[in-house]
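Input: structures, listed below.
In the two assemblies presented below, chain A is common to both, partnered first by chain B and then by chain C.
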Partner chain A sequence: MSIIKTEHLSRYYKQGPVQIHALQDVNLTIEKGDFAVLAGPSGSGKTTLLNMIGALDKPSEGKVWLDGHEITNLSRRQTSHLRRDRIGFVFQFYNLIPVLTAYENAEFVLLLQGVDHDIRKKKVMALLKKVGLEGLEKRKPHELSGGQQQRVAVARALASDPAVILADEPTANLDSHTEEGLMDLMEDLNREMGTTFLFSSHDPEVIKRARRLIVLRDGEIISDKRMSPESSDQSPEDSGV
Partner chain B sequence: MVMKLAFRNLRRNLRRSLLTVTAIALGTALALFSIGLGDGGHRQMIENGVRIGQGHLTVQREGFLESPSSSLYIRDPGPFLDAVTLSPYVDNAYPRIRGEGILATAAGAEGVMFQGIDPAMPGEATIFRDSLTEGEFLTDFNAAQVVLGKKLADRLKLALGKKVVLTTQDAGGEITSTLVRVKGIFRSGSGTIDGSICLMPMGYLQKALGMGEGVTSIAIYLHNPFKQEEALADIGRQLPPGPEHLYEWQTLQPDLRDYVVIDDAFGYMIYAIVLLIVAIGVLNTILMSVMERRREIGILTAVGMENRDVMKMILVETVFITFMGITLGVIIGLGVNWYFSTYGLDLSSLSSQNDWSLAGTVIDPVLRSHLRPHRAVGLCLAVFLLTVTMGIYPAWKASRILPVEAMEKP
Partner chain C sequence: MTLLKMAWRNLWRNPKRTLITLFSMTFGLTMMIVGYALSDGMLNQMVHYATLLGTGHVQVHHPDYLEDHSIYDSMDDPAALLAAVTSTGLGSASPRVFATALVSSGQQSAGGQLWGIDPDLESSVTELDQHLETGTWLTPGAKGQVVLGRNLAKTLSAGPGDEVVVLTQAADGSLGNALYTVSGTLKSIGERLDRGGVIMHIRDLSELLVMDSEIHEVAIRLNDPNELDWATLTLSKALDEEKYKVENWKQLFPELAEYLRLSSSSMTIVLFIIFAVASLGIVNTQLMSLFERTREVGIMRALGMGPLSVVWLILLETVFLILMAAVTGGIAGILWALRLEHVGWDISWMGGSFAFVGVAFDPHMYATLTSVAVIHSIVVMIVVVLMASLYPFIRAARISPVDAIGRGR
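For the complex of A and B:
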């Protein structure tokens, strides 16, 4: 069952008289429970594609479906609700709210949804425990390490039980040890909770763990492979990245 | 959540928030002080004006205002005095004879405004009694006495006990002259008043001008000058019918009225400029804080916060800063007003000639603040509305931030 579908998706930017094609005619389907990675060099269109799927940006052409609903032409309010209820985001620079504690950051989306205090508390505490931040609930982002901040971001992304978690270069600012821990966490969540993950990354560690690898170059998909456990041992270069 | 974020944002940049609060507080306090001092000054002027002049309200014959002739007199003031003193708004009512004439001595002649008063009535002509510098005040209802200003006395080379002739029109429209002796000399602080007003006993003038028991006006003083409209309606209903009319001081002393109106208008302009500067400061602070938090606002909207909540958050910050500023400003403003209403602001050293006359009245060189509650509330509302209105633009701008653009770079 597909959770994300794009059809002839294109995104152009105007730079003076020149039109830059960030994304060209991308047709992609992500199945429920996928642990997929969008790979490719810088400027290949990974983040642009994630932004379209995450309703953070509108395509110049083409359509996007999320969980069976077309999201391309929603109003600003509708896209806010969609992002709040159906999509979890994990960004490269953590993007936590600096004035809120770890607990409050994880709780934020639930507050926007109007979830009752008791349910919120139970859920957030369980999520923070799951991402290994038990005891650090009251810390503000600047009091946490990069890895811990990214774990808060994961907890925040999971809080609303989204249809998909979109992670844009989530390990780019982490050391290898922290990166491994974070990827383990997301793999566990994918396995245990069935959460769909779609990453953008050119990090070999992330690509190695992908069960599906979609390679982009110059805004186009140049390969889309299901990875067997054996093939996941191959190097990114072997995968066409 | 919106409130929590707004308060935390303000606390995060505490110094900037406090500076903005201080700017609003100082602007509000300054405006409150100016209003208090301005209103206090006007109140003093009006009170002195009506004390020297003809009361908050005056009963007099129609046409007397345009041509103050002794022939336009109230023949029987009794029923009018009864009607006036029945009103709960009235503190005192004084029958008077007012007119224009010439005071002459061997040294010269001067045009004067003369007032015939009953010296036995408590509270009558206190402003002249209090400023008496030589001799005594009028002592007898029927005596041929005069109390005049120092400037007038000097011009006519008059001293205590000296004779002076008043020439004026009598009740029958004929020119008449009468001789009086100088009983006292006052120095009010106003060169205009000291050079043009003289007081005489009413009984003496009634006889000299052939008025019988008549007077030219009844000066009415109110318990609360701010209830003048109500008093006017109440007394107006009770006056006996006839050619006598009830006038407000604004009609009888248009110079004073115009001065207060113009000075108020000028004051409003100054307050508006001060408040506008404060409001622009608030706009700058909030706009700067929005621009600094562009990325953060992008994150909030990326994870699902609605634009209207972003707008609400910025407006809550503006409202809170404004509220704090106004509260602090009111505390400072009330404190300053209390000080200057108790101890006054002494400006006496600023006048080289020691002449404190303005708009036909005398002002007290020690200004006392008088802040009326509705003026303070009005100002606070104006500050609040102006600054919060200024917050709308940054709030709207914040709500238009697109997450994909705001989060491009850290």
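For the complex of A and C:
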């Protein structure tokens, strides 16, 4: 069953008289439970594609479906609600709201949804435990390590039971040990809860973990492969990145 | 609740900046309250000077007297007139006789206006007797005493104990002249009295003018000055309209009355402008704070926070600042204004006494603090700060998540 579908998706930017093609005619389907990585060099269109799928930006041409609903022409209010209820985001850095504690950050989306206090508390505590942050609930982001901050972001992304978690370069600012721990966590969540993950990354460690690797270059998909456990051991270069 | 918490914590992310903004708002509000109280105090002082140091609240004249101040446009039977006025129970009344004269002392001479008053009754209507610069007030029953206006005394180089000669045309056409002893001189009161005022006992002046018992004016001090219009009307009805004209101080000093009427709104405009200038700093602070948090706002928008909620967040931060400034500025302003209400502010170093539409006022200003001044100042601050915050609010609402998040890369 497809969670995300894009059809002839293109995004152009005007830079003076020049038109820059950030994405060109992208047709992509992400299935429920996928653990997919959008790979490619800088400027290949990974973030632009994630922004379109996450309803953060509107395409110049083409359409996007999320969970069977077309999201391309929604109003600002509708896209806000869609992001709040159906999409989880993990960004690259400065991901958390600095004035809120780890607990409050994880709770944030549930508050926007108007979920009851008791349900919120139960859910957030369970999620923080799941991401290994039990006991650190009251810490502010600056009192947490980079890896712990990204774990809070993952907990926050999971809080609303989204259809998909979009993670834009989530390991870019982490050391290799922390990165490995974070990827283990997301793999576990994918396996245990069936959460769909779509990453953008050019990090070989993230690409190695992908069960589906979509390679972008100059705004176009140049390869889209399902990776078997054996093939995931191959180097990114072998995969065309 | 979370928005409140976030707004409060956001304020203290940069305590120095918040404290500077708070200080500027506090300072602005303090100055507004003090300015307002000083302005009210000045206006009250002007009314006080215009009424209780000369005019009284209401006056009764012969219908033609005020047109050319002729000594012949007088009112008969002052005892009956005073009885009619006091029987209304509206206040105290005092008779007056006026004439113009040439006043000399030694080699100096000047034009003067003679005020004949009853010292006993006058003290129940005006406070002239408490406004002496030198010497003493007229002694009831004593003959041949005068009190001189401040500038006239200077012109004549006359002071207490000196003699002055008064030369005037009497009612019978003869030239009346007499020698009087200066018992005291007045402080600055108003242009007319300062320049030419010669105050003497009503009997002395009537004698000089060869008038029987006629008078030119009855000055009335109301028990309740706030009932001015109603009292004027009541007195008009109580007296024969053919023989007497009743006017209150607002009718006698229309410029002053109009100034007072406009002063409240003009004060609001002045305060608005002063605080608007001060609020430029607030806009700058808010924009800086918003600019620093653009990516953070982008993250919140990406997580599903609506643009209105973002505006609410920034608005709550502003509301917290307003509340804190209202408390600190309010307390500081009230305390300062109360001090100025009791101790006053000496502005004589700015050049002595001041006059406005012929009414002088003391160079020692006293504030009059009212709840209206405090509430009005706080309302002006709220309006100005919210107006100044409008642009940051709009900017906050327009932050696009994709641009804001991209900015942090």
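In this text, the second predicted complex is superposed on the first by the 240 of 241 C-alpha atoms of A that agree within 3 Å, B and C clash if a C-alpha of one lies under 4 Å from a C-alpha of the other, contacts with A are read in each partner's own complex, and residues count from 1 in each chain.
Please note the rule applied: a contact is a pair of C-beta atoms (placed from the backbone, for glycine too) under 8 Å apart; a residue touches a chain by one contact, two chains touch by 3 or more.
Keep in mind that what you see is a predicted model, and the values were worked out from it rather than measured.
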Requested in this report: Put chain B and chain C onto chain A via the superposition and say whether they clash or fit.
Outcome: clash
Requested in this report: With the two complexes superposed on chain A, say which partner A:D57 touches: chain B (first), chain C (second), both, or neither.
Outcome: both
Query raised in the report: Of the two partner chains, chain B (first) and chain C (second), which one does A:P98 touch, if any: first, second, both, or neither?
Result: both
**Report entry** Contacts of A:Y13 with chain B and chain C, given as first, second, both or neither
**Finding:** neither
Query raised in the report: Is A:R77 in contact with chain B, with chain C, with both, or with neither (first, second, both, neither)?
Result: both
Query - Which of chain B and chain C A:L111 touches, first, second, both or neither - result: both
Query - Doubly contacted residues of chain A, that is, touched by chain B and again by chain C - result: 51, 54, 56-57, 76-77, 80-81, 83-85, 89, 91, 93, 95-100, 104, 108-109, 111-112, 156
**Report entry** chain A partner contacts - residues on chain C that touch it in the complex
**Finding:** 2, 5-6, 9-10, 13, 295-296, 299-307, 309, 401-402, 405-406, 408-409
Report task. State the interface residues of chain A toward chain C in the complex, per the touch definition above. Result -> 47, 51, 54, 56-57, 76-77, 80-85, 89, 91-100, 104, 107-109, 111-113, 156
Query - Residue ranges of chain B touching chain A (in the complex, touch as defined) - result: 1, 4-5, 8-9, 11-12, 295-296, 299-307, 309, 402-404, 407, 410
Report task. Under the touch definition given earlier, write down the residues of chain A that touch chain B in their complex. Result -> 51, 54, 56-57, 76-77, 80-81, 83-85, 89, 91, 93, 95-100, 104, 108-109, 111-112, 156, 160
